[in-house]
Amino acid sequence: MSLNTFGHLFRVTTWGESHGPAIGCTVDGCPPGVALSEADIQPWLDRRKPGQNKFTTQRKEPDEVRILSGVYEGRTTGTPIQLMIENTDQRSKDYGDIAQSFRPGHADITYHQKYGLRDPRGGGRSSARETASRVAAGGVARAALAALVPGLKITGYMVQMGVKGIDRSRFDAEEIERNPFWVPDPVAAAEWAEYLDDLRLSHNSVGAVIEVMAEGVPPGLGAPIYGKLDSDLAAAMMSINAVKGVEIGEGMAAAALTGVENADEIRMGPNGPEYLSNHAGGILGGISTGQPVVCRFAVKPTSSILTPRQTITTGGAEVDLVTKGRHDPCVGIRAVPVGEAMMACVLLDHLLLDRGQTGGVRGPIGQ
Amino acid sequence: MSLNTFGHLFRVTTWGESHGPAIGCTVDGCPPGVALSEADIQPWLDRRKPGQNKFTTQRKEPDEVRILSGVYEGRTTGTPIQLMIENTDQRSKDYGDIAQSFRPGHADITYHQKYGLRDPRGGGRSSARETASRVAAGGVARAALAALVPGLKITGYMVQMGVKGIDRSRFDAEEIERNPFWVPDPVAAAEWAEYLDDLRLSHNSVGAVIEVMAEGVPPGLGAPIYGKLDSDLAAAMMSINAVKGVEIGEGMAAAALTGVENADEIRMGPNGPEYLSNHAGGILGGISTGQPVVCRFAVKPTSSILTPRQTITTGGAEVDLVTKGRHDPCVGIRAVPVGEAMMACVLLDHLLLDRGQTGGVRGPIGQ
Amino acid sequence: MSLNTFGHLFRVTTWGESHGPAIGCTVDGCPPGVALSEADIQPWLDRRKPGQNKFTTQRKEPDEVRILSGVYEGRTTGTPIQLMIENTDQRSKDYGDIAQSFRPGHADITYHQKYGLRDPRGGGRSSARETASRVAAGGVARAALAALVPGLKITGYMVQMGVKGIDRSRFDAEEIERNPFWVPDPVAAAEWAEYLDDLRLSHNSVGAVIEVMAEGVPPGLGAPIYGKLDSDLAAAMMSINAVKGVEIGEGMAAAALTGVENADEIRMGPNGPEYLSNHAGGILGGISTGQPVVCRFAVKPTSSILTPRQTITTGGAEVDLVTKGRHDPCVGIRAVPVGEAMMACVLLDHLLLDRGQTGGVRGPIGQ
Amino acid sequence: MSLNTFGHLFRVTTWGESHGPAIGCTVDGCPPGVALSEADIQPWLDRRKPGQNKFTTQRKEPDEVRILSGVYEGRTTGTPIQLMIENTDQRSKDYGDIAQSFRPGHADITYHQKYGLRDPRGGGRSSARETASRVAAGGVARAALAALVPGLKITGYMVQMGVKGIDRSRFDAEEIERNPFWVPDPVAAAEWAEYLDDLRLSHNSVGAVIEVMAEGVPPGLGAPIYGKLDSDLAAAMMSINAVKGVEIGEGMAAAALTGVENADEIRMGPNGPEYLSNHAGGILGGISTGQPVVCRFAVKPTSSILTPRQTITTGGAEVDLVTKGRHDPCVGIRAVPVGEAMMACVLLDHLLLDRGQTGGVRGPIGQ
């Protein structure tokens, strides 16, 4: 990952400021011959877009994607695919007051210090608007994955919102698309609605934990030592706005387990190795095992919360800042499609990297 | 990070198998003119090396590093620095039984599946022995950092071992070097000694959480969006053997905080911005704030624990495996110097990247 | 250089097919604070664009560039700069006949073999239209160079067209902008006009040699061994459509020189080292000396020349192909601005890389 | 290519100074399962090594390579392969006089200016000794190519020495290994011996042109636009010490050809497309055609020639320098194995890159 490009062979470069004319990305290295049109990408953007329900931000962007290159007669050509999304609903005046102040918890101050200047409108390049470009790239990745690994399935969902968790014994994948939180626990869905309403009315915000699971991942993906699959997933998720922690499998909880509890034992099944558990989260030594890849990341709460906060200005004066305008009481909700998109991009990237390095031939077990 | 190299400008490539003749690394992009000799690197390796006390593995390697290039008359030349450490205490017979079996929780099976073959002795390339190369590279990074950012200080320590944590109100940095756990809480140090003795006698193992703090980091380091400082730290720590989670600042706990609790407010001090807290862990928008950079990672427990585990062989037969030989009841202890080394390498890398991209000039505040 | 991105720190990714809706590029890593607007880039595109005189292709594109990101209030922000140029004058019917045939000397057959499909309209991604994106990126590079190295000057010109050369004793830099060939020899300018008219009428084409000279380049740019300045220039120029050779300084002719003739002797001047000649072309050991950097590249003749050529179809049938439509009798003429743009991008890239690696401080001579 | 690493997937990092204890390289990304031992690499080093005949330098190094990692039971494991060659015959006193002076035509001055210091012994890192590491890496590449593309054959030879060329009508590949110049023209071999004797006696030196031809290259290798096969070859050859020009196919001479003369017409053969000529040198649009890949590069004459040259010292004093010691009257001779090694590395790299990006499946013609 470097500057504004991530990926080794499937390389995505995003561009665009929150209040600029457009945002977009260049997707380079997509295998040729994959069926692709705007219709394959738009639904993923629609899932993510603002203004969908009362819990997420009120900015109303159609987020309509256009494919400007890299596709001919409905198939990818192997050349760079340029995706562009025009911005239409910027309300620059919402941020007018704060161009000289640094919003606590935001990148305003660090962008100013690093670059000497910044586009303050909507957070400029540091805004989560950038994640729309990722979701678009994820749409391309999913199309390629569908062609290369038909059984592969990626599902993202929330497992925690603020202090509220889920009961995994009630885990129902079908529930994910039925509630506005993408939470797989129907009881939690109801509780969280009430919880978030209260937060909204008190002008506060909370963080969230999102889990992304990929099933049907072939074994052997990952390029140790420094191109490990879990390293790349960690970098990918940590790069999402407001993320402060990333976990694979048991994650931080692995520290408290004993060796007996943690290791996933192996038996032989009709189709190859079968694991008796998945504490590893589908990755051993940085390489996929064939088990579901399970990755979680934590999103911190939004800072822009209508409560006065102590901060300073570019001129060094101390002020109390109250941010108005449109804000998410829980940005984490909208990170679900973003986490899925990053998972798709990283998995496709590693599929290509693996077949480049090894030809994709697996060491036999039992044959 | 790619394949076996990490870093953008300060690029480290490691090589070597656990039971091969040697291990080492090529450090490319170290600034010229830095005073460097083996004496600057050896102490960091000595901190890490096996056989230091009864709690860590009994393999006795001198881990003596040689500088084979890149230094002339005691100063770095700006050309690649080759560091080599000869292996002397390989006990290949310890692993003889398991060449055909896959140790649960280890990379044996995934290396076999990906590459079709593997060096099974001591875990080959997947062994934690590789981390000695990182620590050596970290020694070079520290030497360069000392020249470029004299006030910068990196400290690693354990904050959790198995189910045992620390009491941060008793945090004493001086305690870190006084106990075999590098834990900054003297009460914990005593408790953990007893706890680990029990585990050792029961042939079990536990995981750990290591925290690495960097103080005196200048603001402005990090290259958003995909070269963010926290992304690179996440990838770096996740790449360490047995790591399953990485956190910055509040980490996963940020999800449960409210916006009011989480944002670090800012006031103006005599030397520039002063933060009233550090929930962010020193990084905002992927760029350092000047606050201490705080990174934590969780190491899972060792799998090689003398208890029979169900597994399979390369031939697909189901067996119960008992691993004998030398093993750590808590590998996490030895990950402390490794985490410090990765922090040093990533920070130096970003220092160079920042001065390349921006000239290192900071946007003024208050002047 | 990788896939569709070139550069280490100043990284340019181009996209777009000849007959797609648009072409463009993402310029990543431009230093912040540089004054930039469309007016800084458009003139370079105007120099390159088709339809300028009777000697170049008749396709009439306005080549109007838009800046979609990375600039705020007239200054670069350090974030990716997206440049887009809409295509308006595609005549897809000109290529209708040949969608199934492979034009000899073109990339049609290799793109088909590698990717399995291709956009045949105007050569798709393999068309020299892609070079407009490079020239746009070159405009950004020039703006940054003007800010960072005020005395640096890049000049491109033709030194050979077909069998016609120039007389270097008549070299007049002012002449370059006065004739349609950018040739610095007024006598040659007249001769070449006649020569090219003849070729045009006989439906033939010739190649060309373009030389690009950069003056005022500071010493010390280049990152040996594999990031040498001349290596990157060679890759950059060879990547231009139809290029078959690249030279630095004496180039291929250096082979015939003796050691006495070739080495540039050095004396001491008021401002530092002064070279008595420049056979080296401004680069020694892959690093700039401070002398003018002199780079030449040869462009092969256009293949699309209205003469029947033997070729095959995708179906494997043997056919005689006659390409109609708009074609250049000498594509080399329009490569002059492209060569200049590549020189600008590579030099800026190395300026940033050098200051990243060394801080830009030079080893003193004589002080 | 970056800093001291070249390659996209087959990545070679070299290290080592001419008079340091050793030189070597890390070869990362070699496919697993390739049969490899020192015996596969040593012969290539023996071809290159100094002291072979009276025409090349008199430094006598055994150039004995050791494989320190990445191979197990005679097969590559897919992990990094460390190759090391110890230096044994450094005569540092040969260079003692010139530590403070800059040899004209050498990188002494530019290394001093860029880095502030340099290892002057034998040219340090800028010495052609570094090419031994490349030849070793080339040995690994050849082993992998032999496994993956059995028919692929790489042959390097000289086509020009000083003012002496060859007669291609007398081209005899068998002659290459029969004379000390690796020249495929027996008449030239005799002439050149005399020519070089004269130069040697007069303490002068000349340059050379080396051609490397690769036969049996599958079509489809190369990653346009900026990972073109010819771009990577140009960078690879230009990175070799003393190289000043690189050509593909007709090279610089393509400029003087007409379109009728230059385009390679295509017919259909029993095994696929057959080209009627190969002016393109086996590459179209940056992608291999299946025709022999033909690459030439020019090496400038050695500067160290026992004739006094005007130069300056680090202190800025003007001196006349006479370099004594061991020197090549024609370094070009020893560049032949180096060019072959670079060709092998680049082709293998692109084979892996292509199968990563496209799966290696070719678009059908005629089937």
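Every chain is named by a letter (A, B, C and D) in the order it is written, and numbering of its residues begins at 1.
The rule we apply is simple: a residue touches a chain if its C-beta (ideal position, glycine included) is under 8 Å from a C-beta of that chain, and two chains touch if they have at least 3 such contacts.
Everything numeric here is computed off the predicted structure, so don't read it as measured data.
**Q** Starting at chain A, what is the smallest number of hops through touching chains needed to reach chain C?
**A** When the steps are counted carefully, the minimum from chain A to chain C is 1.
**Q** What is the chain whose Cα centroid lies farthest from the Cα centroid of chain B?
**A** Max centre-to-centre separation from chain B belongs to C.
**Q** If you average the CA atoms of chain B and of chain C, how many Å lie between those two points?
**A** 45
**Q** Would you mind pulling out the distance in Å between where the CA atoms of chain C average out and where those of chain D do?
**A** Result: the chain centres lie 26 Å from each other.
**Q** What positions in chain A touch 2 or more of the other chains?
**A** 2-5, 9, 14, 29, 32, 78-79, 114-117, 125, 224, 357-358
**Q** Quick check on the complex: what are the chain D residues that touch chain A?
**A** It is residues 9, 29, 31-32, 78-79, 224, 352-353, 355-359 of chain D that touch chain A.
**Q** Show which residues of chain D lie in contact with chain B when the two form their complex.
**A** Interface residues on chain D, with respect to chain B: 2-5, 9, 11, 13-17, 20-24, 26, 28-29, 32-33, 66, 68-70, 72-73, 75, 77-82, 114-119, 124-125.
**Q** For chain B, which residues count as touching chain A in their complex?
**A** Residue list for chain B touching chain A: 1-6, 8, 14, 102, 104-107, 109-117, 125-126, 130, 160-163, 199, 204-209, 219-220, 222-228, 230-239, 241, 243-268, 273, 276, 279-281, 283-290, 296, 298-305, 307, 309-312, 314-318, 332, 354, 357-358, 361-367.
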